[in-house]
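Structures are listed in the sections that come next.
The same chain A turns up in both complexes below, where it pairs with chain B and then with chain C.
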Partner chain A sequence: MSVESQSLDRYSRQIRFPQLGEEGQRALLRSRVALCGCGALGTVLANHLARAGVGSIRVIDRDFIETHNLQRQILFDEQDVAENLPKAEAAARKMRAINSSITVEPVVTDLDHTNILDLVSDADLILDGTDNFETRYLINDAAVKLGKPWIYGGVIGSEGQTMTILPGETPCLRCLIETAPPPGMTPTCETAGVLGPAVAVIASFEAIEAIKLLSGHREALNKDLIMVDLWDWTFRQLKIANLLGKVDCPCCGRKNFEWLDGSMGSHTTTLCGRNAVQVAARRPEPLDFADMARRLTPLGEVRHNAFMLRFAAEGHEFTVFPDGRAIIKGTNDISKARSLYAQYVGS
Partner chain B sequence: MIYLDNAATSFPKPEPVYEALDRFARTSLANPGRAGHRMAIAAEEQLDAGRNTLNRFFRGEAPERWIFTLNGTDGLNIAIKGIVRPGDHVVTTDLEHNSVSRPLVALEKAGVISLTRLASEDGYLLPDAVRAAITPATTLVAMTHASNVLGTVQPIEPIATIVREAGAFFLVDAAQTAGVVPIDLRSLPVDLLAFPGHKALYGPTGIGALYAGPRTDGRLRPWREGGTGGDSSSPTQPQALPHALEGGTPNVLGVAGLTAGIAWVESRGPDELRCHEVDLLRRVVAWADDSNGWRIAGRWDPETHVGALSLIVPDPLTPQDLGAILDTSFDIAIRPGLHCAPYIHRRLGTYPDGTIRLSPGPFNTPDDIDAFLRALSEITVAMS
Partner chain C sequence: MPVVRIPTPLRPHAGGLDRIEAAGATVGEILNQVTAEHPALRERLFDGEELRRFVNVYVNNEDIRYLDDLATPVAASDEVSIIPAVAGG
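Coming up: the complex of A and B.
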């Protein structure tokens, strides 16, 4: 059914919001979104966008649903865990059940520098539902190269942040943070925990920005870096607009797309012999094992010496080396290993 | 970086190899034999020079019996798949690299051949075991000249005689020996010899060779057919070697590098090159004997050893962790794991973790080995 002939009754409450109106709704229905990651942020985003009537949504995620996801990943339930469904597929089923008039395309894959352009080139907007910096820098490179808007969001514990990036008009992620923190040096949801409502707040900020942008209301977009802590009840808006052109940004300034060309980012190898995968992060800063061990303590015993740090999680043994590489035992699935690395070592 | 992974591929290459590659790529990189112009002729001459060099170095029957291949695996596949017929019995060993064992197991699973895999003793295959395994249906004995895991050189002379007397074909994988163990095809009854060019012959990756002896004439069927540069009017592949088995544009640049590499080996002599590597390994063996918990895999006999050696890693270390530690903290490259040869690791009891293998080359020094051993000592202490 064409957007013009489609009944808009189901969206009537949204259409009555004067700034959106019928015209804005039809613009949403004509829009295409690439949702990168369908975990905690991603399911909230998918839920909002499907209900709001974004016409075409591609959901990209490499992971399968596990019980400990259900605390915050709102589209999934115990039946999905029992069926061992990929997140992208389960999300697509729920989204179609919520709104059969939109098109949902699940893509079960590891988003990387070889496939990202294919997966986001036809989108009007890229949304960040990822859990790691490596993929965010990759999205940033792709978005800047293609001149496409994207919305960054991230949550740890009760804290979250988000910003809307319009390449050429606003600072990009690398204007703000030029280099990704070294692996192992930032908390992750697996080491520091995460609260569902905090994720829902940040994802809702991303979703409302998406609705504004796709319905043609760029004037209403957020131009700041938004940082919230729902436990401490602190809200901050950092004015960042003046960074554009002021910093020597390797990405949007010098057009040096190091993550997209594959020169940055991790490299995985299935190791000969063992049921093990080596994830090598191509970054030279040596890790601080003592600090890392403190962060990982909630998981159980963490042993380390000058050469390596070892811990176990989810039945996998992790051996992390000073240059950020890790050998993850108990799997030979590269996607799984990359997920585990992002979740426990961090990238 | 201290590079001790020459059994995987040699690095660095001798200077004349780099020079030959550069010179050839700049002046003569045409398609050989297809056009007749001067550059095509220069490329064709390089192929001829390469075959002549191989034939002289290994004392083959004729230059045209040398087939240029992609690598060792390619040559072994051409040999194995070209020679066996339905119902054949093939004898092999537990020392083999997957490049021999996988094609054979695939043929066995497809019901084409029956397969006997002989067990080695301390890294050596006993000739009597081959004698006992051969049946009237045996058409092929396929085995490695030296274990890529252990570095042990196999007694192929008596085995070749046994196979020849039984009337079967003898295929030798010389990946670890070509360039360091003299091979004289005039006196050694080997029918098929395959090796890559990028190990101890110091060529680049992407080039290898297969020798097809006279007994294989008419038996070795091509499984890759295509352009051969001459005889283009024939609807089928030409019968004559080497073109029968060389469909497609060959890697002439690789041949140029390989030819220069063999010339360099000839100038040094295979014996001297092998002794240099074995002398370096003696330091490792002595260290392991004095160590607490480190063991050499297989029997150490310097006279029948090439420059590869496996160490069995004591608990709680694992080969993979150790490889990563040596790389990240000490800048030393070795190879942990199964080395694409799972059967010998099962035999040694080192499956599935494997061992760590070090394989020095002609440019390594005693200092390199001592640095490696100091690193092992330091890691062992830190882990205990």
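Coming up: the complex of A and C.
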């Protein structure tokens, strides 16, 4: 058996699916995907794509793993929590263990207007594993500007939505939802809860769309806004194709990329429902955690690994990343978080 | 009578109901009647006389923005749905 046929053998069950076939499989292996966000949606997506043999997967996530993630974030386990691993890194380890023949690139960062083009420009497809509209509008801007397909998915409680966006051919996210609801107007997973199977269904819809698109089967893609509620057993396909060109879309119509040019969106932001603030203060050089740990030790226990440093001060838990970003728990007050950051991490 | 489907996040503002029957010949008339009965819903859906920009309304499976917006006609057998933005993941 040649090396190549051995390497394809692991995909034999999906190659036997006639619409995919060996040609489709080879196309998947040549494909590059940027997976934005690796929480509940993201881990299910990462799992499907790694097993299906998508050749190159960049996993971008800003967060670390907590015990309450394990209920639905299928690639993570208690050991990852104990090791304080960032989600992107832990996911990459699992994906490589699942399929050592693909390339997985974990990127622990907050996706923002300064880095998104670098992180998605080489991808054939952008996948939405995020949990907020700010990042989705940023992805939408980048995808429309680059003419790159992306797949939106969102979940809350037992219900979810997904749509596949082919810039110029289908409505974009801002054609559908021009502005995000203000904070407090819409529930989040933290306030309304979320069920693992609902996330898995929506992420699986995104994954099958990815497989179709990357294997060259655009004719089979979903053209609707799909909505499911697994508790009520409702499944709806809302006709949105006619929105293209009908609504005055600031993004794909007027090419006004407000999120990508930085006029919308913020780096320092409250993490909705978590009583935490993310402070973004990107530094040119990575922080020296060993030095910081020595400096902070008088405050109490300081734990760190290659990916993060964690300590507590004034009743707040600080998680600091090498690029200078920090998540400060115990407040929703941005200015207070900024001042705590300046005080303990440094400005 | 047409039925308005209320999405889960808005049910607390609509007396907990998931479906409300309402008389009216257009989407606007129907939503005016429903929000007259449930004033808390009005603020969530409307900014003055206009629908808020993050609120999408469908008649059956068609978005009213490519039909006739709030003037879109509604038949007795039609279903009007308010479709919320779903942010989580």
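One rule holds for everything that comes next: the second predicted complex is superposed on the first by the 261 of 347 C-alpha atoms of A that agree within 3 Å, B and C clash if a C-alpha of one lies under 4 Å from a C-alpha of the other, contacts with A are read in each partner's own complex, and residues count from 1 in each chain.
Note that in this section a contact is a pair of C-beta atoms (placed from the backbone, for glycine too) under 8 Å apart; a residue touches a chain by one contact, two chains touch by 3 or more.
Note that the structure is a prediction, hence the values are computed from the model and not measured.
Asks: Where does A:319 make contact in the superposed view: on chain B (first), on chain C (second), on both, or on neither?
Replies: Only chain B is touched by A:319; chain C is not.
Asks: Could you look at A:141 and tell me whether it touches chain B, chain C, both or neither (first, second, both, neither)?
Replies: neither
Asks: With both structures fitted on chain A, tell me whether chain B or chain C touches more of chain A's residues.
Replies: Partner touching more chain A residues in the overlay: C.
Asks: Name the contact category of A:130: first (chain B only), second (chain C only), both, or neither.
Replies: second
Asks: After lining up the shared chain so the two structures overlap, which partner does A:187 touch, if you call chain B first and chain C second: first, second, both or neither?
Replies: In the superposition, A:187 touches chain C alone.
Asks: With both complexes superposed on chain A, which partner does A:157 reach: first (chain B), second (chain C), both or neither?
Replies: In the superposition, A:157 touches chain C alone.
Asks: Spell out the part of chain B that touches chain A in their complex, as residue ranges.
Replies: 318-321, 324-325, 328-329, 336-340, 345, 351-354, 379, 382-383
Asks: In the complex of these two chains, what residues of chain C are touching chain A?
Replies: Those residues of chain C that touch chain A are 8-9, 18, 44, 52-54, 56, 58, 61-63, 65-66, 81, 83-89.
Asks: For a test of understanding, state which residues of chain A touch chain B in their complex under the given definition.
Replies: Interface residues on chain A, with respect to chain B: 271-276, 278, 305-308, 319, 321-323, 325, 327.
Asks: Once bound in the complex, which stretches of chain A touch chain C?
Replies: 37, 39-42, 128-133, 153-157, 159-161, 176-181, 185-189, 192, 194, 199, 202, 224-225, 227, 229, 232, 236-240, 242-243, 246-247
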